[in-house]
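One chain, chain A, links the two complexes that follow: it is found with chain B in the first and with chain C in the second.
Take a look at the complex of A and B:
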């Protein structure tokens, strides 16, 4: 770290450094792009984990978390602008592919325009939306933006901002679809998009030429809602993001708040949380496999997978009282004591799971049709996975050995022995098989812990009123889809100044266009299914 | 007259008052014997084969999948034919949050459903906006944009609750006059008149 400070400081004297959780660099916009290029090329920070829009009251800006894909080292860069009327920042889309979609999100919420981003349209909100909702001075009066029943205009062009030699910025029109393109609209109401995702697809015969992604059909503004609530009140929202990883998501938020307050979680709660996380992961992979196979026409698989899923839901329900939105993790530990039959139930599950996985492989994985439809379809290379920030099973299927449970261990994970599943092919089959093998690993983790749940408290003593000190924290966990992050910026009050949920599915959606180009339109379903995105997690 | 569905005793329903008031309305004007018998036959058929539209935006949709799977098995009641096209469906389970961008799409899907059509608002989001009520981008209940027949509370409702909701719907279908438009059609027309789509060109 000191090395970075020395070398960067020499070349960019205007950069200021601070050491928090990670090394923090504050850079003026003028040298932001050059700094990013240097960090990328020379220090190997080739993975943009998060790009978070911010409104600090006076200034608007972004906070970036950059990760070295080999050493898993993380640094934080802060860029801001004082101009609230016409805020411009430089884009890093040419360095990090995922920045394209992240910057569009920031533009949509804060109105910051990025110079050099090829596509500066709104992402989540209607294109006739008035104002930028995440700004602190946004007018929330419902009369400004009433519920409109007329359809918005779909545009075939977009705008990009270009800076010429003498520093003047001007807008340029860019064409997304030419008039002669044959564009098929898929979604938002389509059974195979796994939710309300809209893809405008240009095809030539059966081949996909380009996909234009439309998000926001389930954008609920959770992050903005959190700014008006206390910390314990915000936890239940994340259950409703990626509802198949509900417990893992809330684990993340709780850990982030605990880290900020310096609360030590009792060992019993730590182990319970990890067991719950792994049950949740199996649940998530089962449903992913089931619905994906149904999309390919193998309806039987859905029923088989859901059979085991119901067993898991039974276990979770007996302890938490709910089937899907659990509200089980609280700041400091977990809400209730385990059900008296928890251990026996889990052991019964561990017994049936290996047989069930064998059965799935027999029904589906070895099937000729499945092989023909999945092998070599939608191949993602390792470099692209890093570039597009594809984590989770989809990223590991390309060979990128990144798992938050290993890279930045949390909870009881340092105590358990498990294998990080990686494959090298990077195609749909690899992604599917990675999930199957991960379920086995999850069983392995649970088996190691289930007999060794320590006795003691299930929740640490926490103050009645939870107040975070001034500062910012970023915590990541590994959900069934990838690295889920929670970012909190606090000004020292009972509610967050900014809370951001950095979802893995958002990046998965961002890679669809890249993955499907040149593939057949029928393979869009295969690719989408194996990426396994959850749309409410994309839109938040 | 006791209106119920198969294998559900009349006393087991929690809210028989509303169905009784509907029956009273049905009886008020009297009807022709032939038309009445035809109504009965048609309603019997329709109430036992309600086809849902596969429409889900979030968590409630996953519970709807569970409803279709082996444990809850909605095929027992004749609802398993979930259609992906609104043209072939009888009712719409609005499962999940409806947001501003989605609102026109929901309305269009509703308009595309073939008559007679029904709506079940599933989950607190579809009923009132639920936990996201204060959001700038969430519609405070799908009842603001399309007429709703049955509300099914929960976050998300358990599959059992969904079964109860669809059973309520099938009960409502039974007290409808297919030829006369009593009980439902009038309200629907009125609703659509009060909620016009602005700048509709076609």
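Take a look at the complex of A and C:
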């Protein structure tokens, strides 16, 4: 770290450093791209984990979390502009592929235009939306943005901002689909998009030429809503992001707040949280496998997977009282004591699971048609996974050995022994098999903890009014889909100044176009199914 | 073995002799009666299949299936049929109205015509002439026209892709089916349906023709599944890719026709397989076991035929609920690279077996 400070400081004297949770670099926009290139090439910060738009009142800007994909080291870079009327920043899309979609999100909500980003359209909101809603001075008057009853025109062109030699910025029009392209709308209402996601797909016969992603059909503005709520109130929202990782998401937010307040969670709560997380992960993978098989036409497999999922939901229901949005994690621990039969129920589940996984493999994984459909379809290379920030089972299927539980252990994970499943093929089959193996590992983790749940408090003593000190915190957890991050920036009040949920599915959606080029229409379904994105997590 | 032609004979003599009607009038009345009978049978079979498939797939999937309407849910498909009948047929803008309306009728016409050729029982056959099986192949091919028209006239990209897939698929797999049929026709030495059945009185063709017949049967079942657009070959209506494929835009009874035709085509494929390989309505006879054979003869021939056809379709339903779907390129290369060459080789093999007299 000191090394970075020294070398970067020499080349970029304008960069200022600060040491918080991670090393923080504040850089003016003029040298931002050059700095990013240097960090990427020389220090191996090749993974852009998060790009968060910010409105600091006076200034607009972005906060980037960069990760070294080998050492898992993380740094934070802050770039800002004082021009609120025509804010421009330089894009880093050429260095980090995932920046393309992240920057579009920032443009949509903060109106910051990125010079060099090939596609500067709105991402979530309608084309005719007035203003940028995440700005602190946004006009929420319903007359400005009434509920529009006319349908949104689909545009076949986009705009990109180019800077010429003497620093002048001008807009250039770029064509997405030519008039002669045969464009099929897959979604927003479509059985295989697992939610309301719209993929405008240009096809040539059965072959996919290009996919243009349309998001925002179920965007609820949760991050904006959080800015007006107290911290305990924000937690239940994250259950509604990736609803298959509800407990894991809320675990993340709780940990972030606990970190900021310096609350030590009792050991019993830590273990309960991890067991719940792993149950949730099995649940998520089961549904992913089941619905994926149904998309491929093997309906029976779905019911086999749902059968085991039902057992898990019953266990969760008996303790938390809910089957979907649990609202179980609270700041300092968990809300309720475990159900009296929890341990026996979980043990019964652990008995069933190995047999069930064997059965899944028998009915589906070994099937010759399934193999033909998945082998070599949608191959993602390890470099691409890092570049597109594909974490979770989909990322590990490429060989990128990144698992937050191992890279930055939290909760009770340091105490348990488990294997980080990696595969090398990177195709749909590898992603599918990675999930199957991860369920086994989750069972292994639960088996180690279930007999050793410590006695004691389930929740630490926390103040009645939760007020975070001034500062910013970023916490990550491993959900069933990948690394889920929670970013809180606080000004010292009871509600956050900015709360950002960095969801893995957003990046998964961003890689669809890259993976499906030149594949068949049917492969789009295979790829989408094995990437396993959940739309509420994309549209937060 | 009772001959069911006494029923038809009785009706004929009742009309012409007892009522003293003119021959043309007798024939007209008989045709109408037969048409009604076929339609009734057609509808009942479709309803049976809807119920049967639901129950079978429920059993595969650890579910119960329909069990609320009527005892054991037996009236469920009747309820569904009435629902379908009273549903509105939604008119759409910008479709080719004539072709859009015509397509479901073409599909149902094709399966009804093929339906008529099947040998229902001893003496129960509607059309019996010297090229019966050829007629069946010809009429069942009309269906693809209906599907192509449905996809094209709907003015929808999903239906168009579905229809094109379907066209490619059905035309390809028809070749395999035809080659399998030709192989069996070689063994029978006739194209007449009643003759083919009669030849199997002392042993079903699957035993008589041994190896080539078994190969032909296996290929026929695979190709037949593809021909009916059912899983794992249900690409034309792959719901996860194309919502509902070629019939996405259809509603009410227009959709009902496609739905009906799908199940009836399933039955026809099963029926033709029973006809060509399992002796049509012929009971199972084992040479030398006279007692056994007499018992078998007591089972009515129509029951034999239906049981065989349903047993074969059960296998096809089993396919559907087990296997994932193929991709279009895999589907076509499977046909053109494997099934069709195999069929051609099998045809040659059958000819060799017949010429050397190496069959039973």
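Please note the rule applied: the second predicted complex is superposed on the first by the 540 of 540 C-alpha atoms of A that agree within 3 Å, B and C clash if a C-alpha of one lies under 4 Å from a C-alpha of the other, contacts with A are read in each partner's own complex, and residues count from 1 in each chain.
Everything that follows uses one rule, which is that contacts are C-beta pairs under 8 Å (C-beta built on N, C-alpha and C of every residue); 3 or more make two chains touch, one makes a residue touch a chain.
Bear in mind the structure is a predicted one, so any value in this text is a computation, not a measurement.
> In the superposed model on chain A, is it clash or fit for chain B and chain C?
Fit - chain B and chain C, as placed by superposing on chain A, sit side by side.
> Given the touch rule stated above, what does A:275 touch, chain B (first), chain C (second), both, or neither?
neither
> When the two structures are overlaid on chain A, which partner does A:296 contact: first (chain B), second (chain C), both, or neither?
second
> Contacts for A:307 in the overlay, against chain B (first) and chain C (second): which applies, first, second, both or neither?
Once the two structures are laid over each other on A, A:307 reaches both partners.
> Is A:287 in contact with chain B, with chain C, with both, or with neither (first, second, both, neither)?
Only chain B; A:287 stays clear of chain C.
> Given the superposition on chain A, which partner contacts more residues in chain A: chain B or chain C?
B
> A:523 in the overlay: touching chain B, chain C, both, or neither? Say first, second, both or neither.
Touch status of A:523: second partner only.
> For A:443 in the superposed arrangement: first (chain B), second (chain C), both or neither?
Neither partner.
> Which of the two partners, first being chain B and second being chain C, lies in contact with A:220: first, second, both, or neither?
A:220: touches chain B, not chain C.
> I want to verify one number. Taking the Cα centroids, what angle sits at chain A between chain B and chain C, in steps of 10 degrees?
Approximately 50 degrees at the chain A centre.
> First (chain B), second (chain C), both or neither: which does A:206 touch?
Only chain C is touched by A:206; chain B is not.
> Could you tell me if A:372 is touching chain B, chain C, both of them or neither one (first, second, both, neither)?
Touch status of A:372: second partner only.
> Which value in Å is the smallest Cα separation between chain B and chain C when the structures are fitted on chain A?
It is 5 Å, taken between the nearest C-alpha atoms.
> If you lay the two complexes on top of each other, which residues of chain A touch chain B in one and chain C in the other?
The overlap between the chain B and chain C interfaces on chain A comprises residues 190-191, 302-303, 307.
> Under the definition above, what is the set of chain A residues touching chain C in their complex?
182, 184-185, 190-192, 203, 206, 293-300, 302-304, 307, 363-364, 367, 369-370, 372-373, 520-525
> Please name which positions on chain C make contact with chain A in the complex.
Within the complex, chain C contacts chain A at residues 57, 60-63, 157-158, 161, 165, 231-232, 234-235, 238-241, 243, 321-330.
> In the complex formed with chain B, which residues of chain A make contact?
Per the touch definition, chain A meets chain B at residues 124-126, 133, 138, 140, 145, 147-152, 188-191, 195-196, 216-222, 224-225, 228, 236-237, 240, 243-244, 287, 291, 302-303, 306-307, 310, 323-325, 535-536.
> Can you list the chain B residues touching chain A in their complex?
54-59, 61-63, 65-66, 69-71, 84, 96-97, 99-105, 107-109, 131-132, 134-139, 144-145, 155-156, 158, 195-200
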